[in-house]
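Per-chain numbering from 1; labels A, B, C, D and E assigned in written order.
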Amino acid sequence: TLAVSSGSFSPNRWVKLNVGGQIYTTTIDTLCSREPDSMLARMFLQDGSMKPSEKDEQGAYLIDRSPRYFEPIINYLRHGQFVCDANVSVIGVLEEARFFGIYSLIAHLEERLGQQEEPHSDRPLT
Amino acid sequence: TLAVSSGSFSPNRWVKLNVGGQIYTTTIDTLCSREPDSMLARMFLQDGSMKPSEKDEQGAYLIDRSPRYFEPIINYLRHGQFVCDANVSVIGVLEEARFFGIYSLIAHLEERLGQQEEPHSDRPLT
Amino acid sequence: TLAVSSGSFSPNRWVKLNVGGQIYTTTIDTLCSREPDSMLARMFLQDGSMKPSEKDEQGAYLIDRSPRYFEPIINYLRHGQFVCDANVSVIGVLEEARFFGIYSLIAHLEERLGQQEEPHSDRPLT
Amino acid sequence: TLAVSSGSFSPNRWVKLNVGGQIYTTTIDTLCSREPDSMLARMFLQDGSMKPSEKDEQGAYLIDRSPRYFEPIINYLRHGQFVCDANVSVIGVLEEARFFGIYSLIAHLEERLGQQEEPHSDRPLT
Amino acid sequence: TLAVSSGSFSPNRWVKLNVGGQIYTTTIDTLCSREPDSMLARMFLQDGSMKPSEKDEQGAYLIDRSPRYFEPIINYLRHGQFVCDANVSVIGVLEEARFFGIYSLIAHLEERLGQQEEPHSDRPLT
């Protein structure tokens, strides 16, 4: 079954993530391999540094973030490429990369946006 | 479970919103922290100023608004940035920001649209 | 519950519409207030001029039209603004406005398309 | 109920189509009226020329084609207009019009693409 | 029923694929005919070269890849055309074509991108 027990994870186990209401299906291996210091890796590596989030009624881990901008993040974790459609906001993806702590992708996106420090992100509107 | 009791809310509880037929999953904390005077905050802060709306059959709070233009609103409440894809109507997002009373975002969007008073919105077509 | 009894409707009752396979959630009030002569208003005002359509297995009223171009229609009924993303066909929305009989919106869209008579729509391809 | 018995169809009966994994809801009348020689019409006219396809577990007829490019096809069958968003590939829609045998639409799309013979489609890549 | 037994497949059987959380419905014939050496063909041809992946709780085969860029892949397997909307990243589709081993499509996309060797893909960011 897809549900992952709350004990220890086997790396190739399938997990469901509920990102802001949309379900993403992936594996523990995808979440943990490419960027072992990321929030997602720490949630599922079970090294004690971070607990997985609560699950919804269908067993998907709840993440209170944008599903739209999570898509390039999870694809990046799958194959190591940043791929993004022309009409998708790169700043939106960078915001998620920072939240999840995907450091190699943050560096790539900041370079792409032509700025080391992203002023928008350091000074929230509110 | 995800369903929130109708009594008092704990700030980090998960809630589902049914916005015009699409489900968004988020937390009470996201809805209430950034803009405590907004309609969403008052619905869930339980200070008596506004009752939460009815729930659908899966326990999601019903909101009779556009799901498409709600997405940048909920993302703004999550991280304080206005992020919007190139093909999404900013006027559409402003309309929702006004409905939900997200004042800091209204100011930002009106400035972005280069006008203090948005004439379209003061004079509905009908 | 969300299902609406087939007797008389209370104006702020919630309804589900199944438009071409996609579910839209809204209220009787939204469907009936802004344009009382529209097909949607007559379906739900229960004045005897039109019967509501059949319901699907989850209680949503079946409407055999495009969900994509219905979205700006229902948003217009919600707040009186025509809001449309840059890549969405205005001719597609006009087609639906004509089907549903949203007269104020038809006039606005015809003006926007810069023509009083929309030749495409008077002469179907077949 | 929405499920259509395998015997003879009543023209205004509702049907569900599962096109490549996405559900479209429409009526027998829409599928059969505008283009009576099309594959969809022959599937549902029950004249013996073609059997309806298998159904999925929720009673939707299975069609192994692209849902994205089917959308303008079903809209055309509904109202006789070809309506297509700016970013949608017209070649993709033509491919589906040919598969389903919507001859009036094929002619219109070929003219629109400025070519009588569409070379791409006569010479598949493989 | 749609579920495919784990024994031997009949070529025109329907299968469901869960690609990164989105369900695609297709046939064994589509997956195996056009490109018999592809990963998908080997998974379902049952020649012993590759086992089908695990199934989710609704019987769909789990594939840990991007649903967005899988869409042009499955359409290509259906009809032999590469069809892609203007705003969809061709590099994203190429990445999937390589993963699934759709060799005729890889060649076509590399030519289209104007380069024999796609540098991005040979040097992942991490």
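Everything that follows uses one rule, which is that a contact is a pair of C-beta atoms (placed from the backbone, for glycine too) under 8 Å apart; a residue touches a chain by one contact, two chains touch by 3 or more.
Bear in mind that the values here come from a model prediction, so they are computed numbers and not experimental data.
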Find out how few touching-chain steps suffice to connect chain A with chain E. 1
Rounded to the nearest Å, the gap between Cα centres of chain D and chain E is 23
Expressed in whole Å, how far the mean CA point of chain B lies from that of chain D is 38
Interface hub residues of chain C, defined as touching at least two other chains: 86-87
Among line, ring, star, complete and other, which one matches the pattern of chain touches? ring
Circling the ring from chain A via chain E, which chains come up in turn? A, E, D, C, B
Considering only the defined contacts, which chain B positions touch chain C in the complex? 18, 20-21, 54, 56-57, 62, 64-66, 68-69, 86-89, 91-92, 95, 99, 120-121, 124-126
In their complex, what parts of chain A are in touch with chain E? 1-2, 14, 16, 22-27, 30, 34-35, 71, 74-76, 78-87, 104-105, 108
